[in-house]
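So that you can tell them apart, the chains are marked A, B and C in the order they are listed, and the count of residues begins at 1 in each.
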Amino acid sequence: MRATLSRDIVLGAIPLILIAAVWQAIVSFGYAPAALLPPPGAVFVRLVHQLGGTDFLAQGGATLLRLFVGFTIAAVLGIGIGLMAAVHRGVDAVVRPLVRVLAPVPKVALYPALLLLLGFDHASKIALVVADALFPILLSTYYGATTIEQKLVWSALAAGTPPHQVLYKVVLPAAMPSILTGCRIALVISCIVVFLAEMISSTDGLGYLLVRAARSFQTVDMFVPLISISLLGLILNALLYGARKVLLRGFPEV
Amino acid sequence: MSAVAGDGTATARIGISIAPFAPLLACLGLLAAWQIGALLLGTDSIPTALDALRAVPDILGDRSGLANILDSIRRMAIGLASAVVVSIPLGLAMGRVPAVASFFNPILMVTYPVPKAALMPVIMLWLGVGDLSKTLVIFLAVTLPIIYHSFEGAKAVEEKMIWSGAAMGMSRLQIMARIVLPAALPEILAGCRTGLVLALITMVTSEMIARKSGAGNILFNALDMGQYDTVFAMIIIIGALGIIFDAAFDRLRRALVAWSDTRQDIPLSFS
Amino acid sequence: MRPLTMPRDSIANGPPAVPVRAAPPMIAIQGVSQTFKTAGRKDHLAISDINLDIADGAFVSILGPSGCGKSTLLYIVGGFVAPTAGIVKVKDKAITGPGPDRGPVFQEFALFPWKTVLGNVIYGLRQQGVPRAEAEERGHKLLAMVGLKGYEAFYPKELSGGMKQRVAIARTLAYNPSVLLMDEPFGALDAHTRTRLQNDLLDIWERDRKTVLFVTHAVDEAVYLSDKVIVMSRSPGRIKKVVDIDLPRPRRRAELLLDVHYQKYVVDIERLIEDAPEDAVHP
């Protein structure tokens, strides 16, 4: 068990090290000028340096705030609507066709409309995150809630649970594994779209840093926000994984 | 309410009979809501749904407008097709060979949250603003979900099926092609469906960043120039492309995996 | 006061007691039919015109070929499924849905995976508004009774099938239903565990004499446990015959297996199920 774990780590580290090595080699042997491809060392030094500066942290904070607010709104809406649609025929009849139409629409294309409607500040970017993160959560909630073991509901009803409480006492916890899977997908998407939105309307945030660096051909500064968003995604994913471990303690194969 | 889970299946059954009309009704409802909302708002920058719809034929009738959109679709098709060819074998190999999985997993995890379209400025430096950069970015964006779904699909293939294949004297490659691939097909196609929508998004975004041609180019140029009817007409066109591609793919999927009872008849598409 | 329909003590105590006009039956199933609508195909009549009275404190088993509607009938009595025709009365009141007077035990256990063993057992008590401390105390007693002392903090996934079913039984007994509705509760267990749980169930039943409606495939199980065995026929599901099991209680498995009366019951009922003619006659 321990042996396979360490083997996994070694194997997994190979491509990461390989990429860094090839990257360094290309720079060192002069295949690419530093203006096009900065050495990896320089990028990491800049990243660490930036992490100490208030400007960078403020930009990162703006991104994180939008990510967090957008994701939270999407989660609340997605779980709420998904559960309602799963148990209520009327809601289902309205939600299903709407989701069918809206889910495959590329949400980034809506961003200009959101900009015109909500302005260039936080609201439009948060709205885009919500639009993108909503559907994975809604669909996985709906799927989880419609496929739960019916006898769980029956057992609860027989034990005296009032029918209107079954929704959050049984359906919600029983659908939790599926809901959290949807949340994980939505989190990755949120990272992606918040960055894109910041690139498009470029006022602040990590995406803006990338565009600003690109405009002045500062290649080192272009890599820093890219690595930052990857790190941010990894950290948030780890937090979600922790939440999953706690929430799904009783479920088989977490 | 006494049969909570039963309600879902019951409506699903009813849904079949009105299925062809429900999405249409939903479209009409959305357009009506837009129309009323725009009229209530009454600002210049938000045209009514009717105004935007009226601008759609202008774009599609215009030679360069249509050429731009077809350009976009071509890049998307090439990026998507090459991603499918590369990702499925890789994902299947990861699913059946643990060492391959532990080799690729970390790098995939690190790159997943990076928006591939955000690589555009960097890639443009190397490969220019032409087709190659944009197609490459689409390719990169689409590979990850397809790899992941193929990986999950292959991992879930029942061990006994593979044993019986081996007992029949199949080679490892034959087992992959004749047993693992078909068994994982529903999952793979779910990944392709996600990839399809991702390709569309990356297409729009990459064209927004490298303004040379394409649907995203028209959209964001119109936004910069304040041609709001065109902006919203483009949104309708791109949205319709998404819906049409998705519906067409769903047809294909149903034909390919008619034997599998996938309950998820709504796409889990994103971003 | 025992109703006439249940001559439990007749063999042990000589001639049957003098017929008394007894209290109404615990469960009265009156003219119950269930039709399933299926997309495309024609409607499917699963059970047809079932009439059955079950006395208070009786242990009644339902036997019949697969697909004859045993589960359907049980779900209707539970109030989980509404019949297309007929009514079910419990203590002379028509049921409108599930209620804590009828506790189900399913073959699939249906434990709440997100709750611990103790959490599962006290769920119904908490629903009834029993304070947590008191509910937990009763939960501990129940778990001890089903032989699961020390497993309070475990999650269901950490238990074996037999232990899960013990938890499910404790969960249902906790809110003290007047009727137990058991749908092949031991169907998913191995023979040894099944025997032990049968004995434990009989012990519990001897103690507080709840009315039990027990669906099973195993003829020996039905005869061993029941006062009465309902044999059903298929397409559509009807009651083919009601067999009274006049074997003395308390029953001991080892003695019973050698008992010719017991053996005759098993053989007769097996024959009844085997040659289930399509045009089954009503008893």
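Basically, a contact is a pair of C-beta atoms (placed from the backbone, for glycine too) under 8 Å apart; a residue touches a chain by one contact, two chains touch by 3 or more.
All figures in this text were calculated on a predicted structure; none of them were measured in a lab.
Chains that touch both chain B and chain C: A. Looking at which two chains touch through the most C-beta pairs, you get A-B.
Averaging Cα atoms per chain gives one point for each, and the point farthest from that of chain B is the centre of C. Between the Cα centres of chain B and chain C there is a gap of 52 Å. Chain geometry summary: the mean Cα position of chain A and that of chain B are 17 Å apart. With centres taken as mean Cα positions, chain C sits 49 Å from chain A. In chain C, the positions touching at least two other chains are 80, 97-98.
Multi-chain contact residues of chain A, defined as those touching 2 or more other chains: 149, 157, 163, 170. Each of residues 2-3 in chain B touches at least two other chains. Residues 4, 7-8, 11-16, 19, 36-37, 86-89, 92-93, 96-110, 112-113, 115-117, 132-133, 135-136, 139-140, 142-143, 145-150, 153, 157, 163-164, 166-167, 170-171, 185-186, 188-189, 191-193, 195-196, 199-200, 207, 210-211, 214, 217, 219, 222-223, 225-226, 229-230, 232-234, 237 of chain A touch chain B in their complex. Taken in their complex, chain B has these residues touching chain A: 1-11, 15, 22-23, 25-27, 29-30, 45-46, 98-99, 102-107, 109-115, 117-119, 121-122, 125-126, 197, 200-201, 204-205, 208-209, 216, 219-220, 223, 228, 231-232, 234-235, 238-239, 242-243, 245-247, 263-264, 266-271.
By the touch criterion given at the top, residues 75, 78, 80, 97-100, 102-104, 106, 108, 110, 112-116, 123-124, 127-128, 155-157, 171-172, 175, 177 of chain C touch chain A in their complex. Residues of chain A touching chain C in their complex: 149, 151-152, 154-161, 163, 170, 173-174, 176, 248-252.
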